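Below is the structure I would like to discuss, written out as structure tokens.
Which chain is which? They are A, B, C and D, in the order written, and residues in each are numbered from 1.
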């Protein structure tokens, strides 16, 4: 049976910028600290939420080192190292391992749609160069390719590919993973509005940016599932669903930044072409956050 | 608050034919009796499973009267009366009421895609001519139109439209219905592979042909949900998922007929152009049914 | 090489109703006469435009006989005989042949998605019972099933299936048909906004309800193609495109009826649940028809 | 009326690599020279075909300068400068202008789906920093966002956004562009299998990698259209359609590299994770190229 590194709520920090669009590393540290202290079960920098593809190599390295130093082993870390080329993916994966990351997350970014064989060789090339576990991530909306359950199965034959994250938002995919991969393989849900259905279907964890804003509701949902209390889980889920849908619809970096400001925290600036939410959108989010609080 | 007529598992009988493609009413009676005795919480003749659109008016009337007589009030009945024209829908709805049906199900069948206003006027015209409750049924795959939650909300303003059946197979739609329509409106899941997710999301009932083959698993799932026992519900769901997906993929009338034969029951014949499952498909179904039994 | 019965513009009359929703057969005769006199190269009653599925058997028979009598051999006729059951399709196909139809059109209507084998057997069963040619019609939007080019190829092996009508609206499908079926097989375009692209790709004819409103533009486009005059074809196409898109978007029976009224003709009534265009829609159509006239 | 810089066939070179995955600039020069000599009407380096997103800044700059030097004003150049961030897009657009490019092509690459306002501001920010024309490129499959015709219209209000390239592969989009933007706006087709339909609809040019392999057929099609000879255009189109579909289906960089080898040219290596075509695929391509030759 493969090692299960993460359970529960894996929190994704945003990457905040200063007014000149440079990464604000001091602010980033604070945001990571908030996530750890709120009870998140893992920290995952350089995901979509962290605008990984908009960053330079130096920025990624800085974010990686800062995260690991700040978390300081209190919870495991999962560092995003995806890149269009295999060479660069290896480079960042090795950097993460050397810096002390517990694991790396890799989505097969694909400008040109990759064949199944190309994807397997890509993961294999990276996996053979590092010793820490890999979470293979399927998200057609951002990655441009939809890895079939059959392909995910092939990836799991690579020794240190031990975890699967699914963000298609289709609960049937969760069912299929559980049936086909067996109960010993950990699969993680990356679709916020599917949080309840995915845990119900047996997901080991929930990869989410929501703990930046509503950690108690996110962790409460996981705890209710652990306690086999469906009614409480359902109630907690419906309390957070509107917000989960909102932050997905508006784009996680934009929505989390706006939400932090509403909560009295500094959310920093965005990097162009991403722009802040409109006033009307911000007001809508404020209503949800206040409601979610009470 | 609107009356809730059905809870739990609402079972859909097939319409069996003899070797000359005439409706076999004696066999139909037996099939209805099996569903009642297996513990189903409601009986719904003339659905998609019952090949409603392939039947003549006389055949529909015979099926309606036979069902009501055979069920004899042991559980409530839900008779399908959908038709392309408003005039014919009214005709069949009135016939069902007169025959003693507890409720009717109506999907807005549409060869020409209907506007929202046309759909509302269609339901309104039917509803004003009968006194029993109507279940409005949304199934883009067979009805040809996808009724938005906003439209379903409009339909619920018609006094005797009291129930919603959703077969889009999208759990988010279930969430939306629950949020928008409020907890007092009963919504029913018509997508078999979504059974667990829909009950988890708060569905009042499950409209399904599966009790023709595996009633204990279907009803067991509902009971586990009622007992707030998520772990047991999940276990029971995964025991039946393969079969649920199979019968949907192969077409319910074909699959149920084949399954009945496998179980030693008479499933009758199909009406052309529908043909029996192939030998390989039948063997696959047999493996699932035997496994499901043990 | 298979016989080519139709070339050019095959016109589809609507089925008009009186104020009591009964078929207005006198008015129907007039509408057919207008189509013949306007220069249409074929007449096709009981298509989607003619609301075939909303009619009783008697109404279909009346429409069939009336059309053939009115056209009186001036151009060939193509009678729609599609039905959900094979038995009924045979019945109507035989009726059409006996009444003097030159050919019949059959779409595999499918409430339950048919397998390829079921579709082939359905066509084969009908074809073996009649002696006139069959046009196989592919329209996933109304028929519920998308026949692959490979399946269409199988259908063409049936001796009297000699024509293919494609309404997917995908020009690549036209290319594929031409490549795979060879130049000797006639294929017809049933997607109005694709008229130019389909003729450019080599379509033999255009099945359309537009000649009820703008026959000169429709026939002019065909003539320009025949004369190998692309520039003129393009110019004529852009003159009618807005109207073609409008009548498709609003539903052909609704839009043609409204357009006839605008032109000073009697368009009759619709059968419920279909309702007339709104005032704003009618005004928009009027602007297009006046513009198209000048 | 806006200036029309390009007409006809705009050819996209691949970016070849050596066996160590470094850009092979000598080979690239040869490939560009072949395209110019074959009669292409424009040269567009750093497109999807040129694997733009897989290259470092230095590599892009090298490719840009090499192209302009090699083409030496014989035909106009169109340099791809798209980037996820606005800052980097400006950087590369300015570099292209300074190097002597005639125009730049920009697709709104979007990891996070951009709003219409963000897209307009992105183009506006870049356009204000350069003096050469911009071709706005819509390709949902690679760019991740589908720019509506209404949005394209807004972009054309920016003074130096003068050209539109559409790769949705939907001929209706071409119709819409022509109708809405007016005849004075040049629109270009980027979908190879749509080449005939797009020219028929009035496209000014065809952006394509096919001239790397079959320049005579590509240019012949354009000439036939110019000569208003639809029959010849159709014949030439069907001669190249299989190959056009093949190179799109297999991925342009992979297919062009393989095709060059088949033609006795050096196609270089690919950069991982992209891998060469399989033997069977290469054999299939060889059959088409030989056939296309004769």
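Everything that follows uses one rule, which is that a residue touches a chain if its C-beta (ideal position, glycine included) is under 8 Å from a C-beta of that chain, and two chains touch if they have at least 3 such contacts.
On a predicted model such as this, the values are computed, not experimentally measured, just so you know.
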| field | Any chain that touches subunit D and subunit A | value | none
| request: From subunit A, count the fewest steps through touching chains until subunit C is reached. | output: 2
| task | Please compute the C-alpha centroid of subunit B, do the same for subunit D, then give the distance between them in whole Å. | result | 52
| For subunit B and subunit C, what's the span in angstrom between their mean Cα positions? | 35
| note | Cα centroid separation, subunit C vs subunit D, in Å, comes to 39
| task | Mind pulling the residue numbers of subunit B that touch at least two other chains? | result | none
| request: Spell out the residues on subunit A that touch subunit D in their complex, using ranges where they run on. | output: 21, 48, 51, 53-54, 84-87, 108, 110-115, 117-119, 121-122, 125, 142, 144, 251-254, 271-275
| Can you name the residues of subunit B that touch subunit A in the complex? | 169, 171-172, 175, 178-179, 193-194, 196-197, 200-202, 225, 228-231, 233-234, 238, 241-242
